[in-house]
Structures are given as structure tokens and as C-alpha cells.
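So, here's a batch of structures to check.
Below are two complexes that have chain A in common, paired first with chain B and then with chain C.
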Partner chain A sequence: MIVLVLALFVTPFVPKARADSTVSREYQVKAAFLYNFMNFVDWPEEKSSDSNEPIIVGIIGSDPFGGAFEPVKNKKVKGKNVVIRRFEGLKEQKESDENDQEIEAIRECHVLFICRSEEKKLKKTINLVKENNVLTVSDIEGFPEAGGIINFVMEDQKVRFEINVTAAKRAKVKIRSQLLRLAKRVVEEEPSDEAKS
Partner chain B sequence: MSSRGDVLTGKFIFVLMLLVLFGSDARLLAEQQDANNKKDFFEMSIEELMEVPIVVSASRLPTRLQYLSAPVTVITAEDIHYSGLTTIPEILQFSPGVDVRRLDRQRYIVGVRGLFGMYSDRTLVLIDGRPATDPIHGTTHWEKLPILIEDIERIEIVRGPVGAAWGANAFTGVINIITKKPDQCLGGLASTTVSEFGDTYTHLRYGHRQGQWSWKVSAGYEDVEDSDAAGAGRYHSSSYTATGFDSYTARDWGRLWKFDTQAEYRLNDVTRLSFGAAHSSAQEGDFEFMGYFPRRDVLTEYTRLFARLDHQFDNDTSGYIQWFGNFWNTHCRVITEQMRYLQNDIEGQINFKPAENHNISVGGNVRWNRIQTDNYSLISENIVGDDDEYWGGIFLMDRWSVTNRLTLEGQIRVDHYSETTTDWSTRLAALYALDEQQNHILRLSFARAFRSPCLILRNLNFTNLSGVTVFTPTADVHNEGTYTLEAGYSGKLSDNLQLNVDGYYQRFERLFGLVITPDPPPPPMVYATFKNIDGANAYGVECSLTYHNSKGRLTAWYAYNGLATDQIDQSTRSFPPASHKAGLTGRVFLNADWTLNSNYVFQNGVPYDPSLIGGLHSFNRLDLTLSRKFAKGKGELVVGVSDVLNETTDPVFEAGHFTALETPGRMLFARLQLKF
Partner chain C sequence: MSILQNMAIKHKLILIIMLACITGLFLAGAAFIGWERNTCRDGMVRNLSTQAEMIAENCKAALAFQDAQDAKETLQALHVEPSIVFGCVYNKENRLFTSYYRDYAEIKVHPSKFQEGGFSFADGFLTVFKPIVLDGQTIGTVCLRSDMSPMYAMLKRNISIILIVLFLSSLAAFLVSSRLQKVISGPILSLAEVAKAVSGKKDYSTRAIKQSNDEVGLLIDAFNEMLEQIQHRDLELVDAKNQLEVRVEQRTAELTTANEQLTREVAERKRAEEQLRKAEERYRTQFEGALDAIFIADAETGIITDCNPAATRLVGREKSELVGQHQRIIHPPEVIAGEFSNSFKEHLREKQGLTLDTQVITKKGEIRDVAIKANLLEIRGKKLLQGIFRDITEHKKAEKRQGQLLDQLEKTNQELKDFAHIVSHDLKAPLRGINTLVKWISSDYADKFDEEGQEQMNLLLSRVDRMHNLIDGILQYSRVGRVKEEKTQVNLNELMPSIIDTLAPPENITITVEDELPMIECEKTRIIQVFQNLLSNAIKYMDKPQGQIRVACMEEDGCWKFSVADNGPGIEERYFEKIFQMFQTLRPRDEFESTGVGLTVVKKIVETHGGRIWVESKVGEGSTFLFTVPKRRASVEEEKLLVSLNA
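Let's turn to the complex of A and B:
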């Protein structure tokens, strides 16, 4: 009883923290998934040889994550720092020097999350990085069929994911069996012509 | 002395106070929790993020439920929470293949696939993989485990022998209670349950994270009124010729304080230290045994400590080393003044990938049990004596993904026990996915395990109070042995429908039982000794069908567990399984705030065991709860009725009891819970 009474009087004075309410719980969870994926993916030597280089996570399009990646700042994956870079979507206008620089920066990424705002330019975005050993991730319906590697899907209000192993092989990104086992669906198909372009 | 009505009024006022004090700060409490959740996600594994039930009890490595080398049922924190129940055995009884019977208001006997009793250690009980079994009696004192219900992350029930993973006594199964880690308990929790009989169960918890430290502290108090106060408690005698039992008064009450704290310190991204200290302090009423009450006004102190170092060497190699100590001291007023044990164990495990698709774990442990008993006045003999026991075990297991569809798992373990001999255990399993999506998985497995008789079975040495039965120590002790053949199917029939079917044949060898010798005849003087007698054959099938969607889930299950001893009337000093068991558990999220939960189980009766005096009754049990969340989900009020169908529960004559008492059945209860 003493403990109860003490608790009753002490707990109201415990300091409260405020949450970042602008980021949905769904994308907080998806951010944590992205962080976890990096532990189960091996990039080819040319992409991972320099131990001082960080692992770059790119977010292209209208960023739904907000501050969800803040906790990653102090973390390392495979002994490397993790850097988050944000990109506007691919532009329709003719290529400029500035645009070229952004494309090069996108191609440097280890992980590229393609936001839903890029749905209409999905195929183009995937093609942009398909030769550059980039783990492409999205939550756009039909993403694996369009040649993307990992796609988030919601099931029973829980986050699940699908993996296109053919796309991963083409990108020379090796996905470990532990991750494959957890996938809701493992796809082995080339991108279809009907896929979103 | 206050009346029961006054006590209840006081408890409800207390609940109301909690509501007022915490509810007024609900908005800030909600924000705190959201912030905590956000921090949590990056500490979680993918499996945790997916909320996929991940099981460690079958092979000591986290593995998806569908890919286990043994049949396992997982009771989740959500199942526990919405059941409204406050005792672990009551929660367990709604799972396939688990036998549970209630002895009195506090005590239960629990076994997986039978061969269970109060002094039976054939089902190994673990808390976070550390044993929770009393080495003197070989049993688990469920009510005294220093663990609070809302601190349980999940309970894994492995059906079948898994000695290759956990060593001796994982004989008919394992029940592993996994607790929530500090990072899963950030913020505060206040929960109190009150029953119509005046029972209370209160739990306060606070978890915090600062820098590299995270910790949680839980404290609770449980007050269980006796059966008399709850409108039951009528005594029954096992002997129809005996008289005077009508005058007995059920004093099966309990007052328990429980405390549990855990802390984690992250040295860096790959190294983590964790510590824990848990304690329960129990004061309890009477418990009849062999014609008198050895447990009259018993005081028990139970402490569990651990320290563990986890390290990730590289992407494919990880390991841990831990020490744990379990310390028990019971002060009885009749038989023994003190009965205590000190259990110390050092254990290590390393997991690595020597080749593609091979996951290997190796490890081992050494354990020292020191057992001490100090006698009291009524009996001059030393019942079990003092004892030092030593254990040592090593294990090796390999999980080999041969192809995308085929996985082979092999486990082997060798244990040495100073009181019997060196023995070994194994489990070999093949898992094959029938389809590329791995929705339909077949399992074939073989396992061998053993059980080492506990101290009281080897050394029991006393004459009961009536002077007619003399227990003598066992001269020739051997481990009990078992092997099993299993086949299972796990199928995802659709996105919402899951079917599991498991069948088994299990052979038992050298089962311990009670041998009674009328020497010299005629009785009443008899001599009793526990001995390895003979074997038994067990066989059965367990199946479950689960449907779930965003509105809730429904599971229907059935288990047939048969057991036949080699000899007619062979004593196994335990109960065989209830052959037919069935259950229906369901939960409906009526909307964001309202949840309706229902648990139903049927277990049929069990015939007499000659060493146990009596058999077991069949029973139906139905529990219903209705939960209402408020204050943005940070507050919750639950009202429920347990055992709707029965006003009282029949007595259970367990080993050594001349009497047993009926316990209350139907019970109304309410719980108020607040998070902050």
C-alpha cells in the first residue's frame, strides 16, 4: 500500500516528453525497417570498399518520414555511419548540370526509398539506378513488378514486405536468406512492360 | 475487523483515485508514450517490427513460428492482456495440449501432454530461458514466480521433448515465459484488478531510457482470499471411511509481494550488458499433505538474479555469456523450519555461420545446486537431507537451409548430473515448404530426451504423522528416458487463415513411480519408495485453425493426448493427460476503444492413478471480458467474468493429499489500467 500511495503522488511530477506528431506511426516503423534491411544486405565491393564512407539512404519525392530517421544519426550499420539524403523527384525538363549532379548523388545511394509521389515516374526512377548497386525500396503498389527490389505492404494493420530477388541480382545487391524468409512474398520476375513508367 | 463490504468499498475508492489522478493528465501521458514508441522502433528487430511471433524455445535461436523443429504455441502479450487473468496457469489452460488443474485458490498443477502433478518436473518451466523449477521437489511454484502478468512479452509452449536445447527435464515439453525488456516498457503503468471475492492484484511499473542505459522497475501486490471467503471451500476426503473432514476450514489464502527490475547498458552498437533482480515474498495459509498441514502459515522468499553479456562479433557471429542465481527459502511451521536452495549457473552460447546457409550454435553451462533443510519438531528424520548437486552440459545445433524449400535442423546435447549419470538428448528435424511462397510447410522430426529425478524422489525419508507409511530413500536411481516421432503441417490457407496440425508418438522408458510394500503384512504399516518402474506409450494429435483480420481473431483447437502405461495400475506419481481437450478463443475489436475477448476450454476427466489417491474431473471453462480504452488509449477499464459456467470447481486429490477442497468458480472482476 505504501508503494501505491507513493506512486500516486510521485508519478504526476515525472517529466513528460513531447512526440513528433507530424510523422505517422506507419512511417516510423518503415524507417526502422529500412535501418534493419541494411544489416541483411551486402553490396558489391565497389560500393562498400571504403570503410570510412557512410551508408547513404536516399529518399526521393515527397518525404513522408519527417524526423523518423533522427535516432539513426547516432547509430552505425556494419561499422559505418548512416547518412540520410533527400531528393526532389526526377524532373521532366531537359537535363541541366544541376540535374546531373542530383542524378549522380542518387546513384551514390546504397538504399533509395521511392516515395509515393514518384508513382508516375517509377520505372524511370528504377532505371536510373539499376546499374548502380542500389537497394530500391518503396511502398507503391506493383513496385516489385516494375523492377523494384523491396516493397512495403500493409497487412492486418502491420507492415510487411515483398522482395524481388531477380531485381536484387540485377542490381548486384545480395539479400541474405534470413531476410528472404521474413518476406511476405518473394518475387522472381523481370520488370513487366505494363509496369508503371 | 472490517467487513468484506468495507474492504471492497475501499478498493473501489482506490481505483477511483487512480482514475482521477492519472486521467487528468491523459494528453501528456499519450504524448510520452508516442515518444517512447518512436525510440523503440530502432531497437527492434525486423521480426519484432513485423510482430511476427518469434520463438526461441525450440532451438535457442529466434525462429519464425512456422519454421520450428518442434510444435509450439505462442501466447502473446495481447492474449494475456485481454484475458484479464492474473495467474499464468489459468492463461496456459486455453492452449492446445496443456493440462491444467486447480488445487486451491493459489496452486495449480500444469503439464504439457500430461504426466503432470504438483511434484512433477517433466515439463520444464523457464523464465527468459532460465529455469524456474524447484530442484528439491522438481516442481514450479507458479504462484510465487516473481513475475508480474503485464511484464510478460509472450509465453512459448513447446510440446514434446526439447532436451537437446534445454537439457534435462525438458521431457514432455517446455514452457518459456519471455519477459518484456526495459526498452519495451518505457513510461509508466499502473494496473489494479479487483474481484468480487475481495482478491486484488496491483502492478506498478516504470521504465526509462537515458543515454546507454535503459531500465524498468515493477512492483506488485497480490491478495488472494481463501475459498471459504469466496463461497466455496468445502472439504472432501479421499477416504470415505474417514470422518471429521467436514470441520476443516479452507485457509488457502495468499499475500504476495512481487518485485522485478531489469537494466540494460549498451556499451556500443554490438555489445550489451543486462542485469536483473526479481523477488517474491509470499505468506500463505494451509495446505494439507499426508494428513496434516505442513504449509500452515508458510513464509517463502524467492529471489532470482542474472547478469548477461551479449556481443555481436560480426554480421554472422553473435554470442552471450550469463550468470544466474535462484535462491529460495521456505519457512514452514510443521515439517521443516527451513527448506532452502541456492542455484548458481553459468551459461554461454555462440552462434555463427561457417558456411552459406548453415547457422550453428554451440554452448554449454555448469550449475551448482545447494540444498539445505533444517528440521522442526514433529518429525525427527531429515526428510531429504542436505545436498550439493552439480550439472554440466554442452550442446551443438545446426540449422541448414539446403534449398529455398528444404531446411534441416540437428541438435545434440550431453549433460552430466552428479546424482545420476551422463545422458544425452537430440532433436532432428526436416522442414519442407510445399510451395515457393513457403505458405505450406511440412515437418518431420525425431527427438530424444531424459529426466533426472529430483531430490525428494531420491531421498525422501520420513514417516507420516499417522505412523503407518514409511518413506525410504531410493537406492538405485536412473534417469527417465523418452523418444518421439513427430509430423506436422503449418499452412497459411489464405491471408487470414492459418492451420496447424501436429501428430506424435512418444515412448517413455523407466518412468518413476511409487512402490508400496506391505512389509511385514498385515497393513496398516506400509513402506513406500519411489523407483524406476516401467515405461509408457503416448500418442496424439493437436490441431488449430486461426482466422484473423483487422477486426479481431478467432482460434479453434482440438487436442487428443493419449497415454498408456506398460503395466496395469502402474504408478507414475503423476496424472496422465486429459485425452480430449478443445478450445475456442476469440477477440473482437468492436471499434477503436472497445474489445470483447472470450476464452473457452474443455478437458475431459482423467482416471485414477494408484499413487495419487484420486483422479481428475472433466471441466468446461468460459471466460469473458469487455475492455474499454479511454484517454487516447492510455487508460483502460476491463470488466470480466471468469469460469462463467461453474459456481464452484471440483476438488483435485493430488499426490499425498487425504483431503481436497472445492474452489470457487464463477468470479466477477474489474481492472483499471493506466499508462503514462
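Let's turn to the complex of A and C:
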């Protein structure tokens, strides 16, 4: 699409007081974007039936955000509270009962951020939640091609994102055109190689 | 307003209609323009707000994800609306996020003031602010500016159209009103023409023509009626004028006559005045020259206003000392009671014209007696009392002297009468003694006296008798004046026979009463005495063998006239007076025994009764004694009888 110019000084969700070395500016912006995505995404009925149910944001793998969610912790999205859950990365082979329980919890999430630590088990993680209307977000290169829905990319030190529309369709997560319009790249392809991962 | 008052009625009407038209249209136009302007503005605001709303919606995501480029592209869509000259998006911190300009310099149209929302009109632009809300949170603001000039252009066009319509309507209204005003002004103007003609020519027979049945029609009717009345009045006026001329002529003639009469009257008055003046002059002459003093004083105040020279002489004062003074100063204090002198008061009260006696005092204090006759005069509405004073001081003195003399005379007379009475009374006692003594001597010494002596004695006795008779006569006479008997009604018819009986006349003498004798008021014994004396005289002196004595009575000059007539010797005329004097007898005493007192007493009695006595006689044929008694207090019955007799 068109190259966007992002002015450096216009970064609305950067809490100045909490800007420390542990939490980078990048992840602060990404955390804010993660919240904003929820405004432009519609989940199917079964996922958002009860309005009292919170929107669950899952973070799988080693959490890069640190305290980046602090400023937005109490913010409501679509009138719902936002709950952040953190999960350990999936094990390579074993599929224990414990894991099954955790998998269920992962599948309950509305948004699942896959950390870079899970790059190797990316395919598996995506496949784990692909039937469960989960908006998968990551900042791993080639995430959309791997069947992820939204992927953060950096351009001129600005945070931007790519969207895999097909993946979104498969996950029955509706992404609004406004969001689509803002995506740096919109991918419309099936995962290239399902068996490989 | 005065301009409007002086205008012709048709111009007034046109002006009023035009003013009404133009005012109505102007107000309608103004309302329309105002309404249009507001509608336009509302429309623009609504339009621009919608646009801003749309922009806000579309910029939501761009703003959320900090995508200025996308926002700019969204704003670019505004170029389809030519009136929007500027648009921009502010971020959450109210900083400019992105903006859009249409062919204008940035600064010129940059909004001067940030607003959260709403709209504002300024500098020919409409500016609308709209907040961008994402999930209940304001994340930015959209600002749009629209150029107002097209709207103003449209308004200008509308105004010019309305002005043209206004002009055309006014023109139409003028034309229509110019024609239609005749409906109202026409009758009024024609009425005015008629009124002008009437007042100019004084032709009241003209009538205005009625053209409509409205108020003007009523006015014309009223006017015509008024004209009719005026015409009627005018005719009456002309009649009255003619009559007036006749009347004026009559009046003039009357006036001329009256004038002539007046001239005559004036002349008469002049004459009268002349006469008056002369009269006054005469009066003045009389006044000045009068022997009696004349004072004129104000009847109310008593101030002396005038007096004549005699008056000044009377009181011994100058005229200047009297005029202006109160009338009291000419009277001594004794005759002044209160304010005025007695005489002044009395004259004022009721005794006007009467003569009153009073006193005046001279300047030197000398009191003088005066008789005053006063009259009340009214001169020029002022009451004046004119008093004429006669100095009666000398007269009074004389009167007083006379009175004194009379008193003296009376006293002397009385003394004389008393003296006569006393003397005769006292003389009678010694005379009686002498008589007795003589009788004794002649009887006791009868044998001693010779014939001569006897005769002397008889002579003495007769002289004593005569003496006695004389004294009796005097006594009688004096009694007549001295002793008064009460007067009673005496019927002479009853009285006469007894008188004759008492006299016992000899047989050769007959006494006849010829007439019916009247009732008279008198002293009874005196009148008996009168008749006795007269009859006894007639009997005594009778010399005829057949004596005739007649008593008669007749009425004459309010008196009863009695007569006693005889056919005796008669009396010589020279003795007619003498016989009534005392002690007068016509024969020698020795021939007829008579005292000469009888007729004197008779005369005195008659005279005391207010009558008179006299005698008529012829020597040898007889004499008639006549006397009168006034009828004065004769009885009423007597008078009635007389009246019937006379009738």
C-alpha cells in the first residue's frame, strides 16, 4: 500500500513515567496496538456471547511486554474488561493431561500473542487455536504465511502490521476494513505447507 | 405631520395606501430574507456537521493506529464539496494530526481557536468541530471550515429580487390607489366643491349629489339637510331684515318724537329750573330778610346746616359759629334731653308743623323764650328740619304781667264780693234789732206818741224795711257770683205754673204762656228767680185795668230766646241800659216800693248762663223783656224733637 509517515512525537500510549529500560518503547506501542485491534475486530457469537465475560488476551511464551500493559490494564474494550493471561510455550512431543488443560485455556483466549520464543513451535501453536476463533498476533517474521492473522513489523522505527485475511476468515474473526486499510501488507494465502510443521 | 395635514385628501389616501403596501412588503421581504438566511445557515451547519461526522468515523482507525497518511487520504475526500476550504484532525492531545486545504494559503484559513465540538461563524466562514470517539473515548477532533460566500451571494440575489418586487408592487399599488382613491375622495371633493360654491356665492339652494351609502353619503345627507336649514334661516333672515328696517324706521320716528318731546321737556325743565331758582331766590330773600330766626339742621345728625341773620341775632352768634355745629348749642341744658333738644325731638316725632314753646341760650348765656314751628324738608335725599324761631320773651313778660294783673283784679273782686256779702250779712243783724226795737217802741209807747210821732214811727219802720230789702238785694246779687248751684235739666213747662202761683197776680192781670217751653240746662233756682223778677216787675208796674202779660219762647241762632211782654206803662228808650244797673229805679222810691236790685240780679244770672238780656218798649203801650239761653247742652230728645218739627 502506501508508505505511511509516522511522526515520532505522536505516540499516544507511551506512559512517560514508566518508560524504563526493561520495557522498550516498541512493546509499549505494540501493547497499545493490541488493545486497539480489539476495537476493529469482531468475534463470532459463540466467542462473545456473554457481555459479562471479559476479553481474554493470552500471551504465550516468554513475555516481552513487561509492564507495558500497566497503563491500559483497566481500560474496557467494547464495554468488556480485558484479562491478560500468560501461558508457557507448548512442549515439543508430549501431550499430557496437564497440557490438555492448558490447551483449553489457550483456546478460550480472544487474542493470543505468540512470543518470539515460540518461533519453533509456531505452526503447532497456530494449529492449536485455529478452530477456536482466536485472533493470533505475533511479531515473528513470516507469521502471516505461517497461518497467523496479524503480525507486527517495524518500518522506519515505526510499528506497523500485516494481516492474513484468509487466516482471519478461517478463524471466523472479522477484521474491519478500517483496520485492513491501515495494514502494511494484507496476505490472502493459505499456509504454504501444513504438513511441514 | 403638518405636511400631511396640508396635503390634498387624494394625495393623503395614495400616500397612506402606498405606505401601508410598502411597509407590509418590506416587512415580509425582511422576514423572508431573515428566515432564508437562518435556514441556509442551519442547512450549512447540518451539512458540515454530517461531513465532519463522516470524517471522524473514517479517521477513527487511522488515529488509533497513528496512521496520518490514511487520515490525510480520508480528508482528501473533502475536495468533492467545493464550499469546504479547510479540514483537519487533532489528536488526543489537541495537536494537529493531519490537515487538508483547498487552493488557499494555510494561514488564512487556519482555525484561530480550537474547540471540542459545535460550530461558529467567523470571518465569512463556518467552522465545525466534531470529536472522534472510539469505544466511548475521545481520541481526537475533526475540524471543518466552509466558505459562506456562496450563501451570501444567494442572499444578495434574493434581496435584490425582493427589492425589485417591492418596487414593482409599489408602482402597482400607486396605480391602483390612484384610481381607487377616487371612490373615497371623489364624493368628498365634490362635497367640498359644493361647500365652496355655497360659501362663495351664498347660494344656499345648491345641493351636493349623493354617490354612496357609506359615511360620506351620510355626511352629504347631513350637509344637504344643513343647507336646507340654512336656506330656510336665510329666508327668515331676509324677512327679519326687512321687518327690521320697517321697525327701525318706526323706531326712528318714535325716537324723533321722543327727542322733540325731550327738547320740550328740557325747555320746560329749564323754565321750571328758572322758576325754581327764582323761588329759591325768593325763599332766600325771605329767609335772609325774615324777622323770625330760621335754623336748618340735618334731621338725623342734628347738625345745623344753615341759618338766617335773624337767627344770628337771636342767639348772638355769627353764622360761621353756628353752621356745622350741633343744634344743642343754641338751647340751654334744661331743655335738652339726650342727643337733641326737646322741641327738635318732638318736631321730628309727630308734632311737625305745630308751634312749640321752648328756650334758647345766647352766646352770652342769656335765656330767651321762643316759639318754634318746624317742618321736615327733604332736599336731595337728605332730611332737614327747618325751624322758625320767634322771640316771645317780651310777649311772655307781658303775658305774665297781664296774668298778675288779672289775678290781682280777681282777688280784689273777690274781696269786694266777700265784703259786700259780709257787710250786708252783718248789717242785717243790727237792722233786725232796730226793726224789733222800733216795733217794741211803737207798741209799748203807742199811747204816749201823738199822731205825728206815730207817723214818724211808721216812717222809721218803713225805712228799716227798705233798708232790709236793700241789703237782701245786695246779698242776692253777691250770691249770684259767689254761690254756684249745679246745673240740671229743667222743664220750664212744669216750672212756670208754680212760679205764677207763687206770685199770686191780682185778678185784673192775666198771665199767658204762649209757646211750648223747652227743657234747658241751668241752675234751677236762678232761672226761677229770673222769671219771678221779670213777672213781678210786670205785675208791679201794671197801670192798665186789664193787664196782659205774655211769656213766649223761640229758637234763634242756637239759643233759646225767651220774652216776657206786658201792656204796662212802657220805658223810655234812654232808660233801656240804665234799668239794668244797681239801685236804679224809674219811679220815686216812695211811689213804688223797689230796691233797684231785681233787674241787676236777672242780668247777672243770664250772663252767667252765657246769654244776654235786653228790653224793647214803647211808652204807654208796654214793654218786652227778652233774654237768651244757649241751647248748647240741650238734651238729645229735644234735638230729635226739633229735627222732626223742622222737617
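The definition used in the following text is that the second predicted complex is superposed on the first by the 172 of 197 C-alpha atoms of A that agree within 3 Å, B and C clash if a C-alpha of one lies under 4 Å from a C-alpha of the other, contacts with A are read in each partner's own complex, and residues count from 1 in each chain.
Everything below uses one rule, namely that a residue touches a chain if its C-beta (ideal position, glycine included) is under 8 Å from a C-beta of that chain, and two chains touch if they have at least 3 such contacts.
This one's a predicted model, so the numbers in the text were calculated from it and none came from an experiment.
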Touching partner for A:Glu45 - first (chain B), second (chain C), both, neither: neither
More chain A residues in contact - chain B or chain C: B
First, second, both or neither for A:Leu179, with chain B first and chain C second: both
First, second, both or neither for A:Ala31, with chain B first and chain C second: first
Chain B versus chain C as contact partner of A:Pro71, first or second or both or neither: first
Overlapping contact positions on chain A, where the chain C interface meets the chain B interface: 3-4, 7, 11-12, 33, 36, 39-40, 76, 78, 158, 179, 181-182
Residue numbers on chain A that touch chain B, as the complex places them: 1, 3-4, 7-8, 11-12, 14, 16-21, 23, 25, 28-29, 31-33, 35-37, 39-40, 68, 71-72, 75-76, 78, 155-160, 177, 179-182, 185-186
Chain B to chain A touching residues, read off their complex: 14, 17-18, 21-22, 25, 28-29, 31-32, 34-39, 41-42, 44-47, 49-52, 64, 67, 188, 190, 202, 204, 206, 219, 221, 269, 315, 357, 401, 404, 436-438, 495-496, 548-550, 676
Chain C contact footprint on chain A (complex, rising order): 2-7, 10-12, 33, 36, 39-40, 76-79, 158, 161, 176, 178-179, 181-182
Chain A-facing residues of chain C, complex: 58, 60-62, 64-70, 73, 91-93, 95, 97, 134-136, 139
